[in-house]
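Right, one structure below, let's go through it.
Letters A, B and C mark the chains in the order given here, with residues in each chain numbered from 1 onward.
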Amino acid sequence: MKKLLSTLVSLACAVTLAACGSGSSSGSSDAVTYGFLDETLGTESYAIGFRIGDDELAETVTAAVKALVKNGTYQEIAEKYPDIKDYLSLKAEDISDDEIAEQGSGDPNFTFKHGFDLDYPPYSYLQDDGSVGGFDVELAQAVCEYLGWGYEAVPFNWDFKDAELNAGSCDCIWSGFTKEGREDMYTWGITYSSNTQMIMVSSNSGIKTLDDLAGKTVGVQISTSAAEMLEGDRADLAATFGDLKIYETYTVAYNDLKAGAIDAVAIDVTAGSYLIANDQ
Amino acid sequence: MGKESNLSETVFQMDNIRKSFGENNVLKDISVSVNKGEVVSIIGPSGSGKSTLLRCATFLETIDAGEIRYRDITAVTTTDGKAVYRSSADLQKAQRRFGLVFQQFNLFPHFSVLKNVMDAPVSVKKQSKEAAQAKAMELLRKMGLEDKADAYPGQLSGGQQQRVAIARALAMEPEILFFDEPTSALDPELTGEVLKVIRLLAEEKMTMVIVTHEMPFARMVSNRVVFMDGGVIVEEGDPEDVFGNPQQERTKQFLRNYQQ
Amino acid sequence: MSFSTMLSTMIPGMFRTCAIFFLTLLFALPLGLVVMLLRKSRFPVISGITKVFIAIMRGTPLMLQLLVWYFSPYYLFRLSISGYRFTAILLGFSLNYAAYFAEIYRAGIEAIPVGQYEAAQVLGYSKFQTFFKIILPQVIKTILPAITNEVITLVKDTSLAFSLAYSEVFSIAKQISSSQTSFTPFLIAGVFYFVANYLVAYAMERLEQAFKYYD
């Protein structure tokens, strides 16, 4: 027992040290900041993906989102997420009254199963208090509340999103979900946000343009739009890189960037801004 | 007169036993019977089939042809030249009639000495724990091991382990006890204590069949000696005759080799 | 997010990890015995099928098996899998570990000298008594170190449940890590796994001690 206690204590020390270590390193490197290149990789739009054939559900949710734009709930939720506010594309003045769903018009016995990645801030992620949240989660919850549906959160592993949707464990994929390139694979609901894929670099890297990336090491998170772009439309650009490193999460990629292990990170501007803003 | 009739009562009989392992005929038409109170020693060179004979008698090996009887219970008969074993209920009944002491003791290492001796009477014969324990302690005392009751087999010498194994077999109160080279796995200085116990049992008129290499012991303790070679019984009879005046050339040669 | 919020967010995940761990052991330890008996069956069809089962369970990644168990009811039978996540995880873990345990049991049983069976037979023990009274206790003693290894692997393998997005401690650590851009949750998870394995090793050592009463 004594042995166990001493082991625990030493581990606790290790954790504390590690925490302090990360704090002090960012403190001493005040001069270095992180930002994006002016040239972008491309833009994309975020929409809600439903199973092929679920047109009625897609239309109902779309009409409800429009109602929330019209009554200002959409903008209210957006206020909480300054990193993505500018990219939310829906405007009240563009929506006519006959497009919107009636409040409480949903089947009260229906529970809407919202499928999303819990790893994708600020659209869907664990909040500071440990609860499930994010712009998409709040908007989906607001839709259910507006229609009178029950809401069920179905966080899933992003790699298996299609299997989850097809097998019916969720009714939609709604988690910063890019429509471009997937137009025929889903029945699409409303496009509610846009995003831009950019290159994040440190201020002292000397990289100013996409051409400067020649021979450099660039990191990207697996299965993201930025990754798909670099493997697809922008493969020509990726071919000039010294190396394209695929990461499990952007957190690791970002830390590698800070540590100097890689030169740049290809990332959505919203997710990138979130990383920079939340780096204490 | 009563003693005489007891002695003539056949406790165990095997007739015309044949057994082969593949091409190798190990037992070629062997017949042995043992009367109550008799001590029979089986001797012979390695590979003569004497251990196989014992394993067939105790159902550890199945015979190809022949007949095995334990007093009134027939365990195996032969029809059309093939051995037919009786129902498992009959075999179980026959099993109760005999005990077997192994060359390698085969004690249960996770049971204490006491439990090794008393567990089968309780678990198999459904004796009460108290009765089985009393009987087990009595047997251990007889084996000179009452102070080892709580020890585990791994803590005992080979000679002690073999005496526990004898007690374990006796606890089931068999009519006949088989020994398969009971001292072969023992250091020479430990064989004496085991042989002493067997001699004690012989004096108590325990019916026994002993496969052994201990010739002087066999001569001293047996009522009858069976000499086996090449899967057949070459010669059998009174120990004084077989050892002192063997009739067959092969017996003479075996005993000569043994004395050198 | 403060350290204490991080910890309290992860605690339910620790309980879920423990649930996977204990329930897997509860099902896999006896199931392994069944698999081992089928493997040793006299009927070649049964032992053959079991052999293939064990080969698949040991020869493919557990993560893949979890996906198959979770998604196959839909893809094979068009059944809804809503609410089936945890059951699929337990199914996957239990069958996988049962296969490993079965092979450990088999090795343990084959290490028991044939003389033990013969002694039991001659004394009249039934097959059932022979197995449970004579053989199994000796087998347990010999296989305990191998079982300990498997159990420790299981503690770490529970993190594979993240592939089915079950919020055990590792999934939550990953989620907090991306929302907080911090590695601290992984450190907490690491300490958790370490302590859990320390306790497992301690418990198994006590168990091994308990079987040391004989050699």
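By our rule, a residue touches a chain if its C-beta (ideal position, glycine included) is under 8 Å from a C-beta of that chain, and two chains touch if they have at least 3 such contacts.
Given the structure is predicted, the values throughout are model-derived calculations rather than measurements.
**Q** Tally the contacting C-beta pairs at the A-C interface and at the B-C interface, and name the larger one.
**A** Taking the two pairs in turn, the one with more contacts turns out to be A-C.
**Q** Measuring centre to centre, with centres taken as mean CA positions, what chain is farthest from chain C?
**A** So the chain farthest away from chain C turns out to be B.
**Q** Give, as an integer number of Å, the spacing between the C-alpha centres of chain B and chain A.
**A** Each chain's C-alpha centroid was found; their separation is 82 Å.
**Q** So how far apart, in whole Å, are chain A and chain C when each is placed at the average of its C-alpha atoms?
**A** 35
**Q** Distance-wise, how many Å sit between the C-alpha centres of chain B and chain C, to the nearest whole number?
**A** 47
**Q** So which stretches of chain A touch two or more other chains?
**A** There are none in chain A.
**Q** State the interface residues of chain B toward chain C in the complex, per the touch definition above.
**A** 58-60, 92, 95-96, 98-100, 102, 104, 106-110, 119-120, 123-125, 152-155, 168-169, 172
**Q** So in the complex, which bits of chain C are touching chain A?
**A** The contact residues of chain C facing chain A are 1, 3, 5-6, 8-9, 67, 71, 73-75, 80-82, 84-85, 162-165, 167, 171-172, 174-184, 187-188, 191, 194-195, 198-199, 202.
**Q** Would you mind writing out the residues of chain A in touch with chain C in their complex?
**A** Those in contact with chain C are residues 4, 7-8, 11-12, 14-15, 18-19, 22, 113, 118-121, 125-130, 155-157, 159-160, 163, 166-169, 249-251, 254-255, 275, 278-279.
**Q** Can you check the complex and tell me which residues of chain C touch chain B?
**A** It is residues 113, 115-116, 118-119, 121-125, 129, 133-134, 137-138, 141, 213-215 of chain C that touch chain B.
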